[in-house]
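Next come two complexes, and both contain chain A; in the first it sits with chain B, in the second with chain C.
And now, the complex of A and B:
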């Protein structure tokens, strides 16, 4: 690995100062499960790495406030899947987070890191989009909220500006009855990147929100009804790569959509 | 950078380069070579250690991130000359072939049993999904973990 300066700030102010001083060759380190791989491969060659895990007020908590479940940026996949509040309201997110990497990865990898990495195949992105997640961002200039549907710009690219830090992710607690589910296909059952993934939710009126990953340059959110799954999945723009062909992905999206809808309808009836 | 942490119950203070991983630090600086390097990208689990009680891939953690933490490696499982029940079960069940993956397997299994003292075979497979064995000796490894769980519950 190429040498870099390592900072472990204890306050937000120090984080912003370090981000400013070393911009643009600076990387934020949370769980490190994606960053470390890229540091080693040489794909990222930052001058500085800012480890945010010991910043005072850095939250590894999941807190319910004003109709929103706020997931701190320090929350790992392991924390997420074992939280009763997440299990109760956001089952598709639990299903997605439980299949990210291995136990060892899930013990380090954070939900915030998964979206900041902006992989088109990120497993937590489709359920987060379906649930209407909002990203809380802070910088020297202040704080702002970015709907997740506007957060992804391309593979590895997000709407975060230089000097901005994700502090938490808000999940609006559903006010009306809905059922939701997550599906994915992989080459092997465990510890693989998704060939394609998909999440959907359906309400009593039959309105469907659906999002899919590894099927377009960014995880894509589409809406429709139970009768329009074909039109919805036709909005994907998959590519062919080592994990699957474009035509296969396109065909499987519809299959996954039907499966996810069936599970969602079952949960809606419960 | 100066780094202080606890490894297998002993306090350690060393200088370490900021870009060195916990795995490199354990093997090259501390001399604990039981923890293995294989894929170096979090796929194979050979470098698994317990960091503050949680199984992690030590190849994906910077040594400096562990300041003030407690690390357990395979060398730390034996107590007063007595092997850990998991180590004994791996021997008794003939679960070790070439042995390279075993330290990581045992630490992943240690974490699994700590979280779930009575895992089903499916849960054992899930818990060890991040650990690859190139000898493909999985069924005896699963036998050993099941046995160690049983022994611990008695």
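And now, the complex of A and C:
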């Protein structure tokens, strides 16, 4: 591991100062489950690491306000999947967060970290897209909101500007009845990264929102109906890599789409 | 403790019991000190520098920036070693201790950095700049066989390092009713021991001491001494119990380089390899087997015509032995009136392949067992029945001039079939498969043991076996407890220090229970002879406890009784393997799987293992060894493979994309059964065990998948994508 400066500021102001001082070679440490791997492998060689866990006001809470479930940036996967409010409204997100890494990883990894890492295969990204998540971002200049559908720019790249920090993720609580589900394909049954993953939701009108991962440079959100699953999944642009071939991925999207829709329709009827 | 006594029961009290694993609690609580946990004062930390491709001509090495890093004490290249740079290896002295002029595999050390801290060593290593010209590598069986390919070792005439011809009868004139002919491939896989490979080398007044989690300390001592040009007496190997070896920690790799470095800096040097570096250091030979098998109308094998090409790496390591041993018994536990086996050990610009549980047999077994399944389908025979018709009877010779079948092998087959409910109708998308695996045992090897009966009646056993998790300490304790009639908690097994324990060839080939076990029994008998003589001399009866007897004999100054025992597997000049197989490791495996035909995902619903072990000295240990071995076999069957790019780099380097089975991947039901007819050459009629579990897993699972979804795949691993693709191909 290359030497780097380590900060553990207690105020947002100090965070922003550190981000500015060391930009662009600075990394934020929350759960650290992606960061540590890359620091050790040498893929990340930052000059500084800013640990945000002790920042005053840093939220590890899930709070419901004005039709929105606000998930603080400190909320771990374990916290997320055990929250009754998340279980009630966002079952696909629970399914996805439940298969991120192992138990030990889920005890550390944060939802915010999962999206900031911007892996095309991030398991929580498809359900968050389907649920219309919005990212709350802060910087020295102030605060702004970025719809998740505009957040991912490419593998490892996000719409976050230098000096910006994700503070929470908003999940709009569905106002109309909908059923949703998550599916993924892996190379083994235990802990694995997705060869491809998919989430969908369907409402009483038969409108389907679907998002898939590891099937394009970014997690992709598409819309259609129960009759247009093939057209929807055809919008994917999968590649071949060590985890799977493009043809397999493309075919699995349709398999997952059918299965996820079936589960979603079952949940809609409940 | 109650007083000990030297009245040995005729019936074993401890052997045959599932005594708890000696050291298990330390292993699972983290108290055990593995090699990487050792702290040696004043040690420098080592990091290797490599180039980013398999094969390169080294033009220049720039170390100025690295040398400027605080704490760096030595940057060593081939120029700093004796010239010509010593070459060494367990079988052939063909591996330079550091790359000289050219690299031959990705990960071969070119420069070594030693620094006061790991961070400094790593930073300095990243600052070493190696100018090199990439050269085209040889990466496949086909390329290695192509006479037009570059030579991996340029003093050789070709990349075919060794070629074996085994066989009998007359294959070409044999008349068969049905001939099955196919190609089978087996991937490169790596051992993935959970304990990291870690080494310390330290100069001392007598010469040098090396700490290494090596399975064969005496092989390491020989190889280091040869590299240094020293007598073996000046080299001391300390081998802490390995945390998983599987053959990957069997044979010396980087220890000679560390020895030179330690002597140069005059201080201890320590290297702990990362998992990624370990992937680049040890693997199993991949293989391509062309199999032509002839059967008569009743399904009896008429001939086996096998051509097995094993892809070794850049250096021989123990690879040629893997190839010869596996191909010698490649026809499996079956009669074959005519046989022709041609096998080759091929050099390539890849990680040197080494010993790996099963020692080449899984590669051959995948082909030969799958051939039987296809023949059964073509002849309208049941897959159990076709095996029943070909398995030799107990005592029957199945390889000419070799020890015959040493067990009632049909019993294993029938037991496995019954346990998997072979004849019960299957649910949709389910299938069953069965197969046998056979591995020859250790040939031409020797084990020595010392048993010290101390003045208070406790005992120390000194053994060169390494306990790498297989439970050798436990079994040896049980043997001594019975032989000396003392309690297990009065016995300590001392291992892993060549200055303390007597010679042992290796902890390999499932040989330790048989050979070291017999050596320990002989040592105990030697103790008992001396005890009897002492008793006679002091006029004591056999019921007098050891402590009292030795007190009466030695007086208050105390003394002890030392027994020496040995056992060996005879060296037979002219035998293709140097000696006959002392026993056969025979395994039957049967699986029931469910396949998702839309995704290709395989769910192993049931896996049963039947192992003919002669006698299980510790049934729990044998069963868990077989189960662990079988799960390891599921790895190469379903998911494990090292994927190379065109530069010879491993594309899935590390735990993220090299998949091994997790606890969620093990079968829903996993049962292991033992056949115990006390017909082996070891203690109480034991045979070796522990490798058997994985020998034939692939063919059993492959056959089950075939039955479930109707596709025959001949390339491992049987990944979901590969199964899905085969289903697509069949439908179009």
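A few notes on this one:
Heads up, the rule we're going with is that the second predicted complex is superposed on the first by the 270 of 270 C-alpha atoms of A that agree within 3 Å, B and C clash if a C-alpha of one lies under 4 Å from a C-alpha of the other, contacts with A are read in each partner's own complex, and residues count from 1 in each chain.
Just so we're on the same page, contacts are C-beta pairs under 8 Å (C-beta built on N, C-alpha and C of every residue); 3 or more make two chains touch, one makes a residue touch a chain.
This is a predicted model, so every value here is computed, not measured.
Touch criterion met: A:104 reaches chain B, while chain C stays clear of it. By the document's definition of touching, neither partner reaches A:223: not chain B, not chain C.
By the touch criterion defined above, A:248 lies against chain C but remains apart from chain B after alignment on the C-alpha atoms of chain A. Once the two complexes are laid over each other on the shared chain, residue contacts for A:61 go to neither chain B nor chain C.
Using the contact criterion defined above for the overlaid structures, shared-chain residue A:36 touches chain B, although it does not reach chain C.
Touch criterion not met for A:240: it reaches neither chain B nor chain C.
In the superposition on chain A, A:11 contacts neither chain B nor chain C. Contacts of A:51 after superposition: chain B is touched, whereas chain C is not reached.
Contacts of A:3 after superposition on the shared chain: both chain B and chain C are touched.
Shared interface residues of chain A, touching chain B in one complex and chain C in the other, are 1-3, 37, 190-191.
Those residues of chain A that touch chain B in the shared complex are 1-6, 8, 29, 32-33, 36-37, 39-40, 49, 51, 53, 78, 101-105, 107-108, 190-191.
Those residues of chain A that touch chain C in the shared complex are 1-3, 37, 41-42, 185, 187-193, 195, 242-245, 248, 251-252, 255. On chain B, the positions that touch chain A within their shared complex are 1, 17-21, 40-43, 45, 48, 54-57, 59-62, 64-65, 67, 108, 111-112, 125-127, 129-131.
Across the complex, chain C meets chain A through its residues 119, 122-123, 126, 276, 598-599, 601, 603, 638-639, 643, 651-652, 654, 656-657, 659, 661-665, 719-721, 724-725, 728.
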